[in-house]
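Chains here go by letter, A, B and C, matching the order in which they are written, and residues are numbered from 1 within each.
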Amino acid sequence: MSPQNYTFMFYGFTVAWLIVIGYVISIALREKRLREELDRVKRMVEEGQQTRK
Amino acid sequence: MKFLRQTLAVAAKDLRSEIRGKEAVNASVSFALVILLLFSFAFDLEPEQIRDIAGGLLWLIFAFAGTLILNRSFARELVNDCLDTLLASPVSGAQLFFGKCLANYVLIIIVECISLPVFAIFYNVRLPQRLALLFLVMLLGTWGITVIGTLFSAMTVNLRLRELMLPTLIYPMLIPALVGAIELSRVLINGGPLAENMIWFRILVAFNVIFTILALALVEIVLVG
Amino acid sequence: MRLKIIVTLTAIAGLILAWDLGRIFLQVPDEANQGAIFRIIYFHVPAAITSFTGFYLAMFSSIGYLITKDLRLDSAAASINEVSLAFASITLCTGSIWGRIIWGIWWTWDPRLTSFFVCWLIYVGYFMLRRAVDDPTARARLSAVLSIFACVDIVLVWKSIEWFRTQHPGPVLEIRGGGGMAPGMEAPLWWNFLALLMLATALTLIRTRQQAMKLEIDALRRHVHAF
């Protein structure tokens, strides 16, 4: 059980978790951006329908 | 029979157009010569070592130079809406694809036949007495490159970064064929025992058969939808 | 409803992973030759299996799209491939770190790492293709064909690189698979696999919903600009 082995094992797990967390964060950011975009476009549609009335 | 006739018509059209213009073959051969030059700077090896890596070098050159021809394959039809006309014609997608495959195949073989002796001269590689077998390996390996390359050329024809996307997409896919061809070429150039390396022949043939069938089945979807 | 599924899956996956982490660190003894680092196999192998499962599931989803022309199947395929690519990246990184300990080098061209890297490259190409096509139907069509080609090719790539590398035995030994593990040590691996699979499913569901949102945005945009 050399300390060097433990260090690298720690690195290994850290890298794996960082990738997972990074990916989840990127998904969450995309979700936020998409929601904002969707709201914006829905508002555009409503305004368009308003002006036509 | 009709399938073959129309396929050959498409192939003849492409070959005729290329023979008259000679753009793609010239560019491809020049590129092959440039790569040969660059490799001479990259590797400074003894003759025995060169013989060892000759198979690999050769097929890298063939793959890179072949991509230039494959790129033009469907790209040349974009001008004047030729591609739409071809798709609207009675020629089916599979016939169009197979005809272009045949034409590309002939062109790439021509480039390879020019590059091989130049390679042998530049790198002092004595070509083996089993030259016929080496030529057979070239024929098999090139068909693999051609089938995948032509299909992906059809896939990327309408994309903005066409010239960039084609190499990126096809080289990982071609690895089984390239590895097989490289190993066989290495064995033939080094005079090794061919009997032990029959697995590579099988891989090459399997690759060619599987992907030719798959490509013919799916090309209609790629071209038309 | 869907949100509930996602949250439940994630919660269960998190619980299993936490419990497993406890088991891996506290109960499983160090392996004779490799020492502590071998515990990484408990992430490396499940991540690899999850990503491969994903790639082939995505291929079936793509085939389903080609038959039914339902864009939701294409969204599912893209999402599955994306999550699988993330897990493939984890596999490559953890494998590389393991190699650093066992063989002293960050990378080696051994059959499995090489084949996996090729697989990774093919799917990076898949996403480059998707980005380059604007029309949703064309994008779905082309990526479906690419997915089918990729999955068929991966088998050939694997076999050919395996034969290539065993003919030229390098200075290092191949990674021993899970076959040599004692029964007590193997269990956390399969539990982790289940957990990662659930996590992958949850992420896929989220991504698929995002793809559907994107399609809705595009459709609304066209609607707005049409008038």
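Definition applied: a contact is a pair of C-beta atoms (placed from the backbone, for glycine too) under 8 Å apart; a residue touches a chain by one contact, two chains touch by 3 or more.
Just so it is clear, the structure is predicted and the values come from calculations on it, not from any experiment.
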| item | value |
| --- | --- |
| Chain located farthest away, centre of subunit A as origin (C-alpha) | B |
| Chain ID, smallest distance between chain and overall C-alpha centroids | C |
| Distance from the mean Cα position of subunit C to that of subunit B, given in whole angstrom | 31 |
| Gap in Å, rounded to a whole number, between the CA centres of subunit C and subunit A | 18 |
| Separation of mean Cα positions, subunit B and subunit A [Å, integer] | 41 |
| Residue ranges of subunit A touching subunit C (in the complex, touch as defined) | 1-2, 4-6, 8-9, 11-13, 15-16, 19-20, 23-24, 27, 30-31, 34-35, 37-38, 41-42, 44-45, 48, 52 |
| Partner subunit A, residues of subunit C touching it in the complex | 30, 34-37, 39-40, 43, 47, 83, 86, 89-90, 93-94, 97-98, 100-101, 199, 203, 206-207, 210, 213-214, 216-217, 220-221, 223-224, 227 |
| Residues of subunit C that touch subunit B when the two form their complex | 66, 118, 121-122, 125, 128-129, 132-133, 137-138, 141-142, 144-146, 148-150, 152-153, 156-157, 159-161, 163-164, 167 |
| Parts of subunit B lying in touch with subunit C, wherever the complex brings them together | 148, 151, 155-156, 158-161, 165, 168-169, 172-173, 175-176, 179-180, 183, 199-200, 203, 206-207, 210-211, 214, 218, 221-222, 225 |
